[in-house]
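There are structures below to look over.
The two complexes that follow have chain A in common; it is paired with chain B in the first and with chain C in the second.
On to the complex of A and B.
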């Protein structure tokens, strides 16, 4: 049979297929070298994700992580809990302001630094604005709790007092506290965002600006019609990363407002809600259920942002 | 040149090693001759939350301190030469997760930890009952410890109070302290020895505003408005007889909540009034930085420790401050309040139970508590803590309060209390402070409904 050309082809094909499923020494070596990474990802990322999902359908108490199966009860409890919705509203509010102000301000800052002719000055400002980014969230919160001290002894209140204004309860007035947190997080994140935008600004081809110059475009028009459209992928990246970061807000609100999210629950966020249930009440089932709800919200938001970007692409 | 550099480096090395390895030469036994107690053999793994192992200097007073290692060398290792100790020091930050991991993996036999953690681990079956060990050991006297702490605390006793799983070794200090000078300035009678909530509120109101003598802004009252365990709220529930719940932590699903009772309404009415008196930062635990010091502007502080006044006294012998700040009992009907108790506990699967018990006994003994008080100002748990210096009136008052202490269901050992009640009360306080307190009955009805729903979700 194999003497015919067709038969020979089939036999060769079979032996090739056999060889394809036989591990060679090189294959083994490849798997061996990638094993630490694969094992790490499976053990520390994939397994916990599935374990948490499994746990969210169980009634757990303390270390008894495999309690009774309760179906969607934990999800239902969270969705019917007004505190969860309050936490979600606060998280959105602080997140939206942080992302919008963070992107706009850092882009303006990056544009200003990028336009500096003096190279040393450019590096100086890059370093100055990036410095807050290396300060830990804990240190930042402590620093701002003194800067925003609510009486006239607080530094910011002292300064505004010089202009005849009354002291502001930066972290003690529920109407103001969320915006104070936004200001604090802006201080920490502005440098990182600025560096990313700077990298993007330096990658805009010079010939586009030269062509615009020939057409008689001014600085503002070049910024609006060349720089901003060219940096759209970076804007989208910042928007997605900012949204994810904003939805996971915890350290600063916890350090300043405690487990109550004081003042008046205005600093209560979804992750703080998860923390309270997981580590104060040992209700891991409920906490993981809320974690998955948060995961879904972030996933939908991210997909929505990416879809917006794709639609814009198709119009182009 | 090379020889000189080498010589200098050698000297530096020798001096550094001498400085690092040398003992303090200080007596840690109070003159007691240490003798061998037993030839018992074994290895005990001890996990300590926050203890200082090496010799050092107290950051507040500047006084030298003797680390646990030197103390053990001079005492325990001579008393039990054949018991090998493996001591692990764990910083308080995230200590629960780390010690939980040690208990689950069987890497610790004896642990020193926070009372709430100990209580939770006991309910999860990770700790060993000590009753059999106490019963058969005639050398151990449980009566040396404060009654309220040894026998009435969730940190040392099982939820139904029938089993002993912890031996208390350190207390949290929480008492009412007032500033005599401000009382004099305002012409207000000083607090009685056991002031109730009404007396405190009444006098605090009189001392809020511009000081008639100095013209400075004064605040009549202070407490931490975002306390994790809501200790002031606990003391108020005791004072007003608001139990909050009925049942046992052993059967948490069937706890009956009483959060919207008339007594609880009184607690919140008091908080609503009192929240107008402290400095604004109290909702975020700020504003009392100078309490206990020269520049103080707060008349009465609840759940205060007296720590800054004692540190000033220890470092500068400032007797004036010590006379100015006076502690009194807490708010409860017998002067009780919420008392934090840090115990020693034994892992369920301790490898060498007998050796572990000897270690536990030693680390909770009079001698160790004296060492901890003298070096780190720890508050002891003993009935007869005669080593407390005569001027340390704050520790003495804390011991008085602890003597009458008892755990109720409004306690950090109660998961719903920690996750929802304490934060909700803190939220109420901050709303009251900003003049937007919610309707009290509706607030409590909501909390009650929430608690019932929480319990129902457990079933």
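On to the complex of A and C.
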């Protein structure tokens, strides 16, 4: 066979291909050095991702990955469960408010700090506003559970009492609890966003402002027409990171509201719903199905936000 | 200094100073709001009078100043043990994650082995997978291996630090490859080239990774909540959380605040000394992502 011209060509080609794919010592070294990363990624990210998908089609308590095959019924159960929708709504509400308030406030804050002519002051304010960011979610929740104490003894109720307002049941009134969580997470997250905005503000080219000065633009107009458009990628980055973080809310609501998401289920979030079903009710199949729904929602939101950025870019 | 030596129009300078003064005052007011929760926590933590109920009206100095609140916190909550455990977990994760990131970053940048791009792409795309989705299979994997309640459940997944790999690769890309070529020509082993030639140049990126990892691991709660079952293994976050979870939140203000303050000491100390680097690392990690 190899005597025919065609066969010879194939053999040649094959040996060439072999040479191309032959591993040199350098290649082996590369894989040896990357082995921890590759093992880590495969075992602790890729395998669990597929295992979760597999489990989501089964009814299983977790003793085995596969119990009985139930098709899409875990997904159907979640989508028909009013608690899931409540969790999703709560998560969205808290997420949207924290992201929007967080971005607006921290951008204003960063602009103010950036306008300080006084270097030491700039560094001082950066350090102070960032400080709550190193505090753990557990510590923040414990601290605010006292600051937001529902009767007049709580510090925040005391302060609003000075203005003649009645005490608010910050974490006990189902109408209010979600917004209290937003306020609490703002305290922690404000500094993080501010630091990133400050880094962005310092990257705006000086000559853009100088050109605007020549045209006689005021501070406010420069801010609106140069700074904000120039920082659009950072705004989009914040929106995406904030949305992803917001969709994963767990620690604070678990500690403050327990696994029931009290008061009145107003602090029930999607991850809390997953946690409950997986580790209290042993419904691992259902829990993984919900975790896939969460992943899909995050993917769609991220894609949407990125698209928003790209479309605006092409308009310029 | 140079700025102020330059002659300026007096009227303009005066207006700028007034504007700067208002700006500083506004920022100081904001800082005060950010700091008040810490002050309240500190004052309450030293107030024996607030061991059962929050003192009213709020005090700027403890009603019954005492360190008995801290003694009570340490006897009721096994703080020394939990802080020790957290240190053990953080140290292990920091060493494993940064080593994995540095080794792979070096290989991806300097060895340019076949399939390197694929490995990088694969690792980076897994960063999109939310931990909340993989935590259940991961938990089941560790329970199958009999590693629930074992710190290996922290150390093994630490190998997967794709973001660190990304940071390290970007850093190695800036270092010249000629260093390696010269050393290899002299017959040095690859691991020697890595550890003797390149690693000493990596201090800035190692510092960044250590800071980001420490803050992340020290403050983490969800994974320890799933993995740690016995109280002797608890990390500080989970120890604190379980104590309040079992005793009810909003109870024993000064004792809980004493424990919370203690749990913050390590991060606050690190923050005080490395504040500049932490802020730079955060800005860097934000921009790189």
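Throughout what follows, the second predicted complex is superposed on the first by the 296 of 316 C-alpha atoms of A that agree within 3 Å, B and C clash if a C-alpha of one lies under 4 Å from a C-alpha of the other, contacts with A are read in each partner's own complex, and residues count from 1 in each chain.
Methods note: contacts are C-beta pairs under 8 Å (C-beta built on N, C-alpha and C of every residue); 3 or more make two chains touch, one makes a residue touch a chain.
What you see is a predicted model; the values in this text were computed from it and never measured.
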| item | value |
| --- | --- |
| Chain A as common anchor, with chain B and chain C clashing or fitting | clash |
| Partner chain(s) touched by A:237 [first = chain B, second = chain C, both, neither] | second |
| Chain A residues touched - chain C or chain B, whichever exceeds | C |
| Touched partner set for A:104, first chain B, second chain C, both or neither | neither |
| Which superposed partner A:281 touches (first chain B, second chain C, both, neither) | first |
| Partner chain(s) touched by A:39 [first = chain B, second = chain C, both, neither] | second |
| First, second, both or neither for A:198, with chain B first and chain C second | second |
| First, second, both or neither for A:262, with chain B first and chain C second | first |
| Contacts of A:173 with chain B and chain C, given as first, second, both or neither | first |
| First (chain B), second (chain C), both or neither touched by A:47 | second |
| Touching partner for A:145 - first (chain B), second (chain C), both, neither | both |
| Of the stretches 75-83, 93-101 or 219-227 belonging to chain B, the one that collides with chain C | 93-101 |
| Chain B/chain C common contact set on chain A | 62, 145, 149, 256, 258, 279 |
| Residues of chain A that touch chain B when the two form their complex | 59, 61-64, 70, 73-74, 77, 81, 83, 145, 149-151, 167, 169, 171-174, 256-265, 276-277, 279-283, 286 |
| In the complex, chain C residues that touch chain A | 16, 20, 23-24, 26-27, 30-31, 34-38, 40-41, 44, 53-58, 96, 99-101, 103-104, 106-108, 111-116, 119, 122-123, 126, 128-141, 143, 156-162, 165, 190, 194, 215, 218-219, 221-222, 226, 237, 240-241, 244-245, 249-250, 253, 256-257, 260, 263-264, 267-268, 270-271, 275-276, 278-279, 282-283, 286-287, 289 |
| Of chain A, residues touching chain C in the complex | 21, 23, 26-34, 36-41, 43-49, 51-52, 55, 62, 65, 109, 112-113, 115-118, 121, 123, 125-139, 141-147, 149, 152-155, 158, 187, 190-192, 195-196, 198-200, 237, 241, 244, 248, 250-251, 255-256, 258, 271, 274, 278-279, 284, 287-288, 291-292, 294-295, 298-299 |
| Residues on chain B engaged by chain A in the complex (per definition of touch) | 96, 100, 104, 120, 123-124, 126, 225-228, 252, 279-281, 283-287, 415-416, 418-420, 422-427, 430-431, 433-434, 436, 450, 453, 457-458 |
